[in-house]
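Both of the next two complexes hold chain A, though its partner changes from chain B to chain C.
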Partner chain A sequence: MGKRSRSDAVAYVSMVGPALLVYLLIVAYPVLNSVVISFTNFNPIAGTAPEFTGLANYRRMLQDPDFWHAFRNNMVVVGISVFGQIPIGFVLAYILFRKLVRGQAFFQAMVFLPNFLSTIVIGILWRRIFLANGPVSRVLQAVSGDPSAQFTMMLYPETVMIPIGFALIWIYTGFFMIIFLANLQKIDLGLLEAAQIDGATEFQVFFKIIVPMLASVLLINAILAIAGSLKGFDLIFSMTTQGIQRDNAMVLPIFMYQKAFLDRSNSVRFAYGAAISNAIVLISIAIILFANFVGKKLGAQEDM
Partner chain B sequence: MTIQRFISYFVFILWTVLTVTPLVWMSYSSFKTNAELTQDIFSMPSELVFKTDHDYMVSSFPSPQTLIDGKQRITLESSKIRGFRHFILVDRLPTEFQSLPVGQTVGLDQLPFGLRNEILWKTLFYNYTSAWTRGNLGPKFLNSLFYVVVSTTLIIMFSMMASFGFSKMQFPRWSKFLANLIAVGYLLSIPAIIIPLFIMLSSLGLTDTHLGITLVYVAFGLPLGVLLGQGYMRGIPDSIIESAHMDGAGHWRSFLSIVMPMTVPVIITVSIINALGIWNEFLLVLVMASSESTKSLPVGVFSFASQTSIELGWQLAALVIAVVPTMVVYFRFNKRITQGVVAGAVKG
Partner chain C sequence: MKTRILVAAMLVMALGLVVAGGGGQSQATGPQQVTLDILAYGDNSTREGQDWNRLVAEFQAANPTIRIESEMLYDQAYHQKVEARLAAGDVPDMAYMWVDAQGQAWRDSNQFVDHRPFLNPDFYDLSLIDPMGPNGEIFQVPLGTSNITSVLFVNTALLSELGLSVPRTYAEMVAMVPAATAAGKEVVAFAGAEGWVWNSCLLGTVVGRVSGDGNWISKAMAGQYKFTDKPFVDSLAFLQQMVEDGVLSNSVVLTDYGAALSSFVNGNALFMLDGQWRAGGIEDPALQANVQMIPFPALPGESTSVANSASGVTSVGYGLTAKGASDPAVRDAALKFMEFFNSPANTTTRLADGAIVAPILKNFQAPADLPLLVKEKANFMGRMGVTSNVVDAFVPGEANNVLNTGMQNIAIGRATPAEVAAQVERLARQ
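And then the complex of A and B:
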């Protein structure tokens, strides 16, 4: 493609420019601004220039018991994703890979479906289903024979994360299944056959060949699960009713939303909210690094 | 082997049942009246579908609707579903009905065939029309459609142009840096920067506008488009473009008439994934849209569901309205969606 010329440069800028401009304005600038605002007492109504207040917003956050409550719930969500969705998704993918069921395309489409339905709609639907006079309660009454039986897990802070965890697994397991399946299909089938001819059981094939080969995919999925769990807003927001129930099931993104957009008594609510969302990003980076570290450690041991 | 197969089938059938049951329950229950839903939560719909021969009472005559166009109407109100009214032009009724006193009961079978048919259809979709009109879902449906179509089009245009620049033009250093810069955005999400976004868009006066909301969707759609578009275009041999250059084609010409047509599979994949994501997106519109004119369907359905927690049938109908378009797209493009998700996850 010959020498670069002035007109090449013009063409390049016209090709790349629009995407870059939108991206810098809407993504890059706010990212930087979020960091800056979180260290100030930014207040759009006061009209005065924001002053540098150091770590005040972060200190306030760490002293807020609600933050720790949301943090704990969010760790439950991370746990459900990493230790629930990923192993189940892996097993489902393995079943499809080994062709243990017919109608693979159908089953795959069915498990993957909830990923693409509006999470808000799913949340409202599950809220209905888990209501004290809803379908699940009706099933409980039929099974137990006790006409006054009710499904009450949504009502108590100790148990509210159980039905939410169920809905999370229901929605996202299919995603991990699809990723695992795509990578399983890259495995050389001859290798598995050779192992089986050598007398390896299905169990041994799974743990000695398949799992080590997919170690890096497991890690990628874990990272996706952690990042996804720490930004998830829609499901818990729509599955709970505003007030005590939502407070019980509070996770960090909802905590951030409420502090920044609903807590009008706080004059520095945007700065405080920015600090919370930065903290969310930092927490997810920290957990991802930790997962990476653990993954490398385990991978190294398997090599030995 | 057989026991493994048995367990495998058990697991997948159970999972499929778990996926389908709530959706099936939602769908058929959206044809039930409120009373039916509270009496028996699992029963099949009947009042709106089969037992539609309930009586109607003349609730006002002439109807207040007369004021609109001066034509005489009679108001018939269902005796079973409270608030379910029909405003019927007096001309359409047989003469003996034209002067019925208020409070008089009319059987559905006494009405002329055309009118009866119309009422039957209206009865069947009673929940849907109620949700659509009372939740004001029509304009929101259009807004959602606007966000999806405009944002997806812009995402495709901008990201494919940039991909062409990054992969097929002679600025490798710049391209590497800029492509990586945009790819980092794949790890970011709207919730992570919603506050600075809100501050910036409100200082530009764009918060409650279609433009502002669309811009955000476009920006967040670019990383995937650039990741996949660039990867795919690298596979197109440079020689094709070089020979086009020999024939005097400029960069734009070779982009539009050679590379774009070859990139159609990626374009379709990126479009579907973005379109589904934007259709279902909630937080951005929740924060940015303060007036009814910019709200999208998920936000509309959410607030409708919160306001009408006693009208279960309407609520379920609203959910179905929001879910059906995505279901159609999902089952129609299932293979491509799956491929696209895998490609996006691995590249990211």
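And then the complex of A and C:
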């Protein structure tokens, strides 16, 4: 190794080393430890030595109907994110980009505004909106003429994800809109003008030019949406009250939290919680790989 | 050359960070100082939290050799932190403790320690402190006497306005429904959207009344009864009955904790069912003058032995952990701080704020100028019969969660009392 390359190596290690060390200690070690713990009866509160229990925690998880209920809700959230927030964000960005409405700056700010607010604050806001005699119930009472009418979707497992989905779209659509808008602004306007001179309609411009050009951005947004959906905890937790609402709206991170921290009757709750966390990671990886596969089939590349 | 300078500069910076970190620690404790690590309960936005910060500052100013490092958390965040710290072996010297099922983590980690040998009997009235262990142990110094979790707050002015009077029986409450409905009022404001409210503020009282045994829940957990037995199933059925009778509104499961209080203080409900601590939320002096606190009215066929009973639980409070008690210097500092925290002046503040029902101090003299509802609490204690078990103080974890959700499902007709009772029985025995 020459003098030059040795000094380069020293510089490289000194610059990358500290960050790598921090990453290994704070991110990699807990993740790997979580995998190890999930195969044991780890009970640090009792202070007993953990014993290897194989797949017992994973078997228990798969046999728990609450896991499948939370999984189903999580898939609904993924669906709302990928097929709700992203298309709406894309269309809104396109409308702003093509100046199809007046006051673009105002609309851009308004749609993005929820991203400046704390998710907990937003959750409490929406919870109040859907409460007994809250604003939505008042509208129902006014429309139906029945003073006892209430908005009850939050009470039933079949319907609870509808108001939550509405809130999710309200919050996160602006985030995706901004990403689309930033990428739309990189498109050469001459290309669009040429298409219009050649007789292309707005519809054709959108589907034949814009969408293919932003396919990679769509893919990246889909990955961001999936990852965000699977780790989402705060909004649903704060939007629901403890009991029937939160149980009905339970997603995997809340399921993990309840099993790992609140189920004090389970002496191996931390190990069980670790197993659920690992399952969330595996499900995220599987869905992201699937999204990548679909994206590649459609010709999208992960570059922006 | 530039690379070497860069590498050297980075090493110096890294060294500086390490030294700065270590320096901070070395300044933390002097040779004569005792450091108390306390896990406190509260919220900086509440009176309780602000008082804590003030008390810590005052105590440290008066005791320069004792340094307090406290971490204050509230509600779920607190319970989660207890679990995390105990799991990590980072045990505080002193903490705000529940001694029932909610304090299971302290018990599992053997951190409960009997305080009886350490408590000054001239300062604390030990006869007012509920026993917390099988041999009468005291694991923490409670903020006050038993915490009554089920109180019916009555708006007497509103009742008079509607030509009604304070009910003595449940049947009398049912008879009030048409008048209340005609006036556009709720009968009972109840935060039924919160599962724990059904559990803490209603079910314990109902089980005690229906079974005729205030300790029915603890006996069931001990195996003497089953949750599928008639008294428990009938108690759950009574909740359903309350909704069907209109005593609880059909939107009760959509009413959160703030909304129930709001409904009562704004005169939209004749009654509010909540814990005694909720008296502190009724701030309007005009309303306070018209609020009476009573035990839940008599249920049909209830035994006289449980007449006017209400559910109650040992009050929470600060206690030494086994780790804190193991070091005499830390233990003495903690006991000194506890006496300061529970001083007559500070206890009076807590009493006036509505945080406690009654103090546990020896020869405590309550000032005459306490708020009306604090005085009303004393009246309530005079009206109250025996104390019955609060369900979540005995039924642990998953069984309790299923019970909370089950009661809400019963209220909206999505589950039957027998189904919920069977689930609770199965999970409670696991």
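Assume the second predicted complex is superposed on the first by the 276 of 304 C-alpha atoms of A that agree within 3 Å, B and C clash if a C-alpha of one lies under 4 Å from a C-alpha of the other, contacts with A are read in each partner's own complex, and residues count from 1 in each chain.
Heads up, the rule we're going with is that a residue touches a chain if its C-beta (ideal position, glycine included) is under 8 Å from a C-beta of that chain, and two chains touch if they have at least 3 such contacts.
Worth saying up front: this structure is predicted, and the values here are computed from it rather than measured.
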| item | value |
| --- | --- |
| Clash or fit (per the criteria above) of chain B with chain C on chain A | clash |
| Partner chain in contact with A:Q141 - chain B first, chain C second, else both or neither | neither |
| Chain B versus chain C, judged by how many residues of chain A each one touches | B |
| First (chain B), second (chain C), both or neither touched by A:G47 | second |
| Touched partner set for A:A11, first chain B, second chain C, both or neither | both |
| Partner chain(s) touched by A:A132 [first = chain B, second = chain C, both, neither] | second |
| Partner chain in contact with A:F270 - chain B first, chain C second, else both or neither | both |
| Partner chain in contact with A:F112 - chain B first, chain C second, else both or neither | first |
| First, second, both or neither for A:F261, with chain B first and chain C second | both |
| Contacts of A:G243 with chain B and chain C, given as first, second, both or neither | second |
| Footprint overlap on chain A, where chain B in one structure and chain C in the other make contact | 7-8, 11, 14-15, 18, 44, 133, 242, 261, 270 |
| Complex contacts: residues of chain A adjacent to chain C | 7-8, 10-11, 14-15, 18, 44-47, 127, 130-133, 137, 147-148, 150-152, 154-156, 241-245, 247, 258, 261-267, 270 |
| Partner chain A, residues of chain C touching it in the complex | 3-4, 6-7, 10-11, 14, 76, 79-80, 83, 86-89, 101-102, 104-105, 108-110, 184, 193-196, 198, 249-257, 259, 396-399, 401, 404-405, 408-409, 412, 414, 427, 430 |
| Contacting residues of chain A [partner chain B, same complex] | 1-2, 4, 7-9, 11-12, 14-16, 18-20, 22-23, 25-31, 33-34, 37, 42, 44, 91-92, 95, 100-101, 105-121, 124-126, 128-129, 133-135, 138, 170, 175, 178-179, 182, 202, 220, 224, 227, 231, 233-234, 237-238, 242, 253, 256-257, 260-261, 270, 273-274, 277, 280-281 |
| Touch list for chain B against partner chain A, complex | 4-5, 8-9, 11-12, 15-16, 18-20, 22, 25-26, 38, 41-42, 157-159, 161-162, 164-166, 169-171, 174-175, 178, 181-182, 185, 187-189, 191-200, 202, 215-216, 218-220, 222, 226, 238, 241-242, 245, 250-252, 255, 276, 279-280, 282-283, 287, 298, 301-302, 305-306, 312, 315-316, 319, 322-323, 326-327, 329-331, 334, 337-338, 341-342, 345-346 |
